[in-house]
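In the two complexes below, subunit A is the common chain; its partner is subunit B in one and subunit C in the other.
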Partner chain A sequence: MTNGGSLLPIIALLPFLGALVPGLMIRAGRNACATFTAVPTIAALAMLGVLTPDVMAGEVLKAEIEWLPQLGLSASFFLDGLGLLFAFMILGVGLLITLYARFYLSGDDPMGQFYTYLLLFQGAMLGIVISDNILLLLIFWELTSLSSFLLIGYWKHLPEGRQGARMALAVTGSGGLAMIAGMLILGNIVGSYNLTDILAAGDVIRASDWYLPALILILLGAFTKSAQFPFHFWLPHAMAAPTPVSAYLHSATMVKAGVFLMARMWPALAGTDAWFYIVSITGLITMVLGALIALFKDDLKALLAFSTVSHLGLLTMLLGFGTEKAAIAAVFHIINHLTFKAALFMTAGIVDHETHTRDIKRLGGLAKFMPITALIGTVAALSMAGIPLFNGFLSKELMLEEAAHTAWYQNDWIVPALATLGALLSVAYSLRFIFHVFAGPARDDYPAHPHDPPFGMYAAPALLCVLVVAIGVLPGLAYPMVKVAAQAVTGQELNFYLKIWHGVTPALIMSIIAVVGGALLLGLHRPLARAWNAAPRPEAKAIFDALISALVRLSRGVTDGLHNGAISRYLAIFVVSTVGLVYVAFSGGTLSPPTREMLPVPPVVAVGYVLLIASALLVVLNHHNRFRALVLIGVIGLMISAGFVYLSAPDLALTQISVETVTIMLLLLALHFLPKTTPRESSVGLRLRDGVIAVAAGAGVAALAMVFLLRDFDPISDYHLANSYEGGGGTNVVNVILVDFRGYDTFGEIIVLGIAGLTIFALMEALLSGPAARRLRNTDYSRDRSRDRHPLMMVVATRAMLPIAVMVGVYIFLRGHNQPGGGFVAGLVISIALLMQYMASGFGWTQTRQRLEYHTMIGWGVLIAALTGVGAWLGGAPFLTSIYGYIKLPLIEKFGLGSAFAFDLGVFLTVLGAVMLMLYSLSRIARYAGETVNVEPMDYDPSGKRELKKPEGE
Partner chain B sequence: MELLVASAVGVLTASGVYLILRLRAFPVILGLALLSYAVNVFLFSTGRLAINAPPVLQAYGDASYSDPLPQALVLTAIVISFGMTAVLVMFALGAYLEAEDDSINMTETDETETTGKEGEA
Partner chain C sequence: MITYALYFAFGCFGLGLLFNLWRIATGPENADRILALDTMVINIIALLILYGIWQGTTVYYEASMLVAMVGFVSTVAYCRFVLRGDIIE
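Now for the complex of A and B:
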């Protein structure tokens, strides 16, 4: 029996898949496009039909696809009576709208787009009503806001369309955000995001302290979506949409989503005073206010829009009453409202389509020209008015009956009186729709000559009118559906009858008052309308626009204030907020007592420390003199390297000292082209402010480090120490971590380094082909050029040191797996050896002796590392699994050779290539700056050949 | 010793932060270099301090070892921060050579000037 549930995800997915169809089929013509758009809807309807008997029998069908169960995220669906009712409404009306739109849209409108949006919306709506997981429901909820935005703004060329779409999105979207918060609170109270769990936990929810916030937030979502006062204003503006959209979204589906949600959450949230008063008062106000405004609207669609607002208010009020009978009335009215209101919207669309106007003042007497349309419109409007033998009457009676028994704060006449007033106004505007549009004398000044549309266009509303009359005469037809849906809302077994004649009840009397009063009111419409139009009243759109532009001004002010193009400001904001956050975290936590003793400080360490601190402070004080600052930076780097040696990190010391060398060379090269001093431009106040920020940041970090250093915790590195030799084949654990345990990280890092090298090369190329190259050529650097640029002593010394340095590099590389060293350090050492040649004999001389391109070296490095990793696949192991063995070459100590060794070779080559490419790129700039290119190793060669000596500054 | 390391990290951070808040590219680069030192030493210190206990396995006896994991992380961090410094230097150099100004802040007038120049080109 329950295997039917597996159809649910397919039903939910079908419209989304179907959304692709119109785009493909539009080339085959408009009829084919419409036909194929109907296919997914029909298929979904058929599947729903298969599931119907089970649901009617009272079963709840479920399907669950787990995604992230830890977070409570799963794609779970369920179908009960309420879901079934709504699913039928969404798909059924969707089908009718597809048909209607085929005839409504003109040849200029992109029909494929329209159908795609329509199906997207249909899928989102369908998702809301069959989701079991509230997070999933929220996603579909937001999707309806987005897809309705597309639909409302479908006529992009109309400013009203665009503004209406924006307004609808802003209002329903912000309501949706509130609802997300509310739903998350709800999920936290219950401990599950599954709707079925939440619905079963109503007592827990109502008893929770968080009940009221959750209720208000969720209701905000529902009220904005269902256009309840004071959020009702967006709906009339959304009427700028094509009429099929209005008929679908604003009568049957989207605006009902809020009502659906309240009905869905009824077992969990209803039954408290808060629910009763908030929901029923909002609903009643909306009902009366909407009806009142509708009576005085001259635009047909605006009239219908406000009548929809009013009817949504009615539904909200009924749900707010919180009684079972009210729930029955609400469910029944949902069906009835759907039938007559969709028919009315489509009628309005036909009138607009045929007469080219929707202004009631310019219409009247249309019954003569378009009798079929007039008949349809009259039937639907009479139902809306609540005239017997039409279905609107039945649910309105139920509503009045409930209202008659409801008291607010012990006042038992205000609810019935206001409900009767609402009904009365509703009769008045419904009759106006009939009498001012279809009845009356025929006119001869219609903007177009009216006539009945083709069958395809009135088929959909006609079918709905048949339903209106059928249910109105034989309410038993709707009974099973109403029963199963109302039971799903209340969660109780319900026994009731739907019938036309209940005897002379208060509801009947109220109904009679409403009809008579409504008719009288219509008679007085002309003077009343004059008075209404003369009366001042708040214009919602103006208020909304003012609010939005105030918000835009505010955010622009904030953005411009923070983001004004000054990096210093961003950095200051960043540092200050980080310090602030850390302070908050610090002050909120507790600190365990220190568990470690401090190590003693030998005098030599103290000296190093003083040097370090003094240099750091001197850099700050002296940074205007850039060379001096650079020298001081070098001192700091050396002291840190020494610190690493002392604190048992030989690998770090080696790396730090070689990187230090390379960095200083790089900065020196760059400084050659940059100004040698930094101007003093910051005011004293600014410097003071930066100083305060800096001291705060420094103190924070120091405190954090201190706290850290004095406490013990269990590191994960015991594993590395224990397995380094057996698993990785090396005794230098740091190196084994780099090339084995965390090889993947290292692989990523050498790629980053390679990319950095290539970036610099690319930047330099771009720079040298731009205006900078011209400027470089015209700048005279000769005055800071030494007279002996390639001194004899240096050339000889570096030449002698090259093989030694390379030997040291190779040695460090080979022993790296077992002793401090490895690919990173070896790469740096050898690049320093090569750099010395560049420095001693100049760029041109060295370049001619370079055999390997640095780009190629980076490429090979990454490739070798990758191949090593891939090699592990051959052995059936995961990427970068290492193998190793020991070999003993003659004359050389026994050393380990494994795949990690090849990987380290890749690291070595990449580091060497990247570092060399960076410095090479910088020094190439020098050639553009009029640097002479020497082909000789040194300026003055004592071994004769005096004639080759170049004159200075050629 | 711990106090020295922690205060050194603090002083380096403070100097670094002060320098990156300057208005010219070169002090900012120096500041970033100082911040890199601070961050690296800080990361290293999360493995706690130990003397004469390099994480190189000894064949005999049960020697104590300092925590190798922060060291491995810092080793790559040192090399990567060199790469980053190099890229920044290149940016600064390029910006200076193109605009003849190594100020890092873009003010309103600068923007219009730049667009004006682009318009000419």
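Now for the complex of A and C:
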């Protein structure tokens, strides 16, 4: 039966969909918010319950939604015993945490936000354990890092919270990056990204040369996530999170993701010496070190955090052993650790909540005031210590049993001894949790008067404690789950028993040593703690901060070196690297001999070239005088336009001429408010360097053009020439390319042009409301002015020119499809015609006479072009497919009218709007500089009937 | 006959362009430069028309028309800049 598999994607999606709800439901109150958070979790749990019998029967459920099968990308899910165990843990504890957090969070905390983050995390975590595709798994893996970042930093006002969140993200995120590389290598070895394929190909993977790199990279991901030495330091700092987060992420689920991954990859990666030594040594060191530090922590949550580090080390070590019994022990301990550690965290949260402190030194004797909490805490802590009749004892026995006959490099005693030491320390800190918090004489100096919390708050840990005792007394309860999960880890049929009494075994003796030793150690705690605090030891946070700031310095150095704010440096870097690349390409290949002759140069054309070269040199020599440089640029533009005509590109010539004029006007408008000369700032060396770069780039481009022009190659223009009339309905190939063949490009370009126009407008708005406006207002631009503001001659001439220019514009626009012209040139011509009026009669007079907003014109242009493109859909053709026909109007020639025409209209309107908006924006500066605006069209009224009102200051 | 006339005309206007450039380069006043540029525009119009006659086509006519139109505008703009500073008041 595989129908059940189709539920898997729904289960994976539920928490993400559910995450949308709490943020809204918080308006309906805190209870409603919590209830609606629980709904998706309960629904997912119910669906999981439906699937459980199949998985228990040994089936592996699968579901696959193909996305890009060619790349091996698909959203595929599978559920086996291990996935089922983790899914139950994630959802079950998630539900308990939802309940607990409802009572834990205070009224000031944004609860909707909290539950949203929590569900996001739950979804990400659930995704990890049921993904079949390792790429999908990686995405969920990164999502857990991100959502835990949000959760750790939930109390945004606490600096520790923010720093802890950043540290957790940096450590687990970089581990995730390493794991991505490892997973990709793994996928490459196997030839598939499907986890089920990878798990089946263990022998191929282990025999591959790439096994070791893949193993190390994947383990880096797992170790950082599961806080293994030397990456363990982030977990205690993540304790700045609210306690429900610590209980959920940092004991039950997220930190177990690394352990889960090692268990998941066990059939593919385990069974080699490299696995055995790397994983078990890391685990053992982490276990002992974590326990040792935990013993001396005074903060309740820090104690629990380091004990979690220690227990994660234990799990890692067990998985590292690589035997089947160790795998059973690991799976069993995952369950047990979840129950007692989540309960302990919640207990610590209750203590913190009721007494307003987590400092063990200020606590003690709480059993008298909060008996229920004390009972819960004691039961859970005894389980953590590994006392018989609690579930922690059972898995610890299994662990010690495995450790007892594991040898490192033929050394029989080191693993058992260290494991016993770890267990001993674990007993010591667990007992400390009981005796220094709950037992002892009652005190009268608690920061707040302690009492038991409401039922809702202790219900969740109490339930977990019931599980602790139930499994501790009747291990058979957990047996089916452990069996099915352990079989999924090892990939083999397993037969074993879980029982309390194994007889007098080495494990029992080690256990007794641990309990007795732990009790003695607690007795000696005070002097030991003094010695511990006096001893120097490395501070992980300081090292981490130093490392991070060194990295920041390094990247800032690189960035500032490349991007120092001087455009000459950017250009130098860009040009030099381009020239370098071209040189490499040039020297690497062989050049075929030229196949074309040089063209003859008639004397007049030679004059044109002389003019171009001479004025280019003159610009270089004269560029400090900006106006002179502008005149010379005018010469260059003129000569280039003439060159286009001579070289048979009339379309380009038309465009070039109009663009030149508009550019000159824009530059003149801007220059009015700028210094008229460029100061000499560069040193001789710098100028020499820039000169060499410029000449190299220019020579390079010239050489490249020369090489291409002298050789025949196969251009795409033949296709365009052949299909222009047939396919596009026009004989002007350039225009057909613009509006048809490459219509999509043009569409993008007019949008960019529109954006540029609007951006200049917006920048000018910002500029004029900033400090620059003050400077403008205080600068006098009116010196040495001609008194002829709006000369009569000019006004009359431009008025006469307007209809002619508009006529030319319309003519160029209409014939564009078949003869040189088109919307772009027409837009420029009309805007030049309008600009003449602005120049002649001034801004104010003209502005009152134009009724179309330029912004709207841009919008209409883009809209018309888009609608033309969309119109093709109605005919069932792709976007921007053109249709055309010919119509004949009286008086004018027959012209082509097609969808391309409407598209060209869009181009025309956008160009006109953008150009006018740019010039309008620039000329607005003058108004801010205190310039007056005239209301009359010219200085002198030819009718002589009235005296013109002189503007101020004239 | 028309060929020789065209040669002569090409030669004259080409020479004219070089003299314009000389004036633009040396000045001395900005007004001289603007005037030279405007003359250059007129010379270019002439050359474009001559080239059209030479090639026997009308396709270059629009280009020369447009040069005539916008050349005027940019001359006005340069002049306004020199006279008033702000070209759109």
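What to note about this one:
In this text, the second predicted complex is superposed on the first by the 571 of 954 C-alpha atoms of A that agree within 3 Å, B and C clash if a C-alpha of one lies under 4 Å from a C-alpha of the other, contacts with A are read in each partner's own complex, and residues count from 1 in each chain.
Criterion: contacts are C-beta pairs under 8 Å (C-beta built on N, C-alpha and C of every residue); 3 or more make two chains touch, one makes a residue touch a chain.
Bear in mind the structure is a predicted one, so any value in this text is a computation, not a measurement.
When subunit A is checked against subunit B and against subunit C, the one touching more of its residues turns out to be B.
Of the two partner chains placed by superposition, A:P527 touches none, neither subunit B nor subunit C. Of the two partner chains placed around the shared chain by superposition, subunit C is the only one that A:M665 touches, whereas subunit B remains out of contact.
In the superposition on chain A, A:P538 makes contact with neither subunit B nor subunit C. By the touch criterion stated above, A:A629 is placed in contact with subunit B alone, subunit C being left untouched. Of the two partner chains placed by the overlay, subunit B and subunit C both lie in contact with A:P650.
Contacts of A:I832 after superposition: subunit C is touched, whereas subunit B is not reached. Applying the stated contact rule after C-alpha superposition, one finds that A:P820 touches each of subunit B and subunit C.
Shared-chain residue A:P69: touches no atom of subunit B or subunit C.
Look at A:G589: by the touch rule set out above, it reaches neither subunit B nor subunit C. Comparing the two complexes, residues 630, 646, 650, 671, 819-820 of subunit A contact subunit B in one case and subunit C in the other. On subunit B, the positions that touch subunit A within their shared complex are 1-30, 33-34, 37-38, 40-42, 44-58, 65-69, 71-72, 74-76, 78-80, 82-87, 89-94, 96-98, 100, 102, 104-108, 110-111.
In the complex of the two chains, the subunit A residues touching subunit B come out as 565-569, 571-572, 575, 596, 598-601, 605-606, 609, 612-613, 616-617, 619-620, 623, 626, 629-630, 633, 636-637, 640, 643-644, 646-652, 655-656, 659, 662-663, 666-667, 670-671, 673-675, 678-679, 681-682, 690-691, 693-695, 697-699, 701-706, 708-710, 712, 715-717, 720-721, 724-725, 731-735, 737-738, 742, 745-746, 749, 752-753, 756-757, 759-760, 763-764, 766-767, 770-772, 775-776, 818-820, 824, 828, 911, 914-915, 918, 921-922, 925. Listing the residues of subunit C that touch subunit A in their complex gives 10-11, 13-15, 17-18, 21, 24-25, 30, 33-34, 37, 40-41, 44, 47-48, 51, 59-60, 62-63, 65-67, 69-74, 76-78, 80-89. Every residue of subunit A that touches subunit C in the complex is listed here, in rising order: 602-604, 607-608, 610-611, 614-615, 618, 627-628, 630-632, 634-635, 638-639, 641-642, 645-646, 650, 653-654, 657-658, 660-661, 664-665, 668-669, 671-672, 781-782, 785-786, 788-790, 794, 801, 804-805, 808, 812, 819-821, 825, 829, 832, 835-836, 838-839, 842-843, 919, 923, 926, 931, 933-934.
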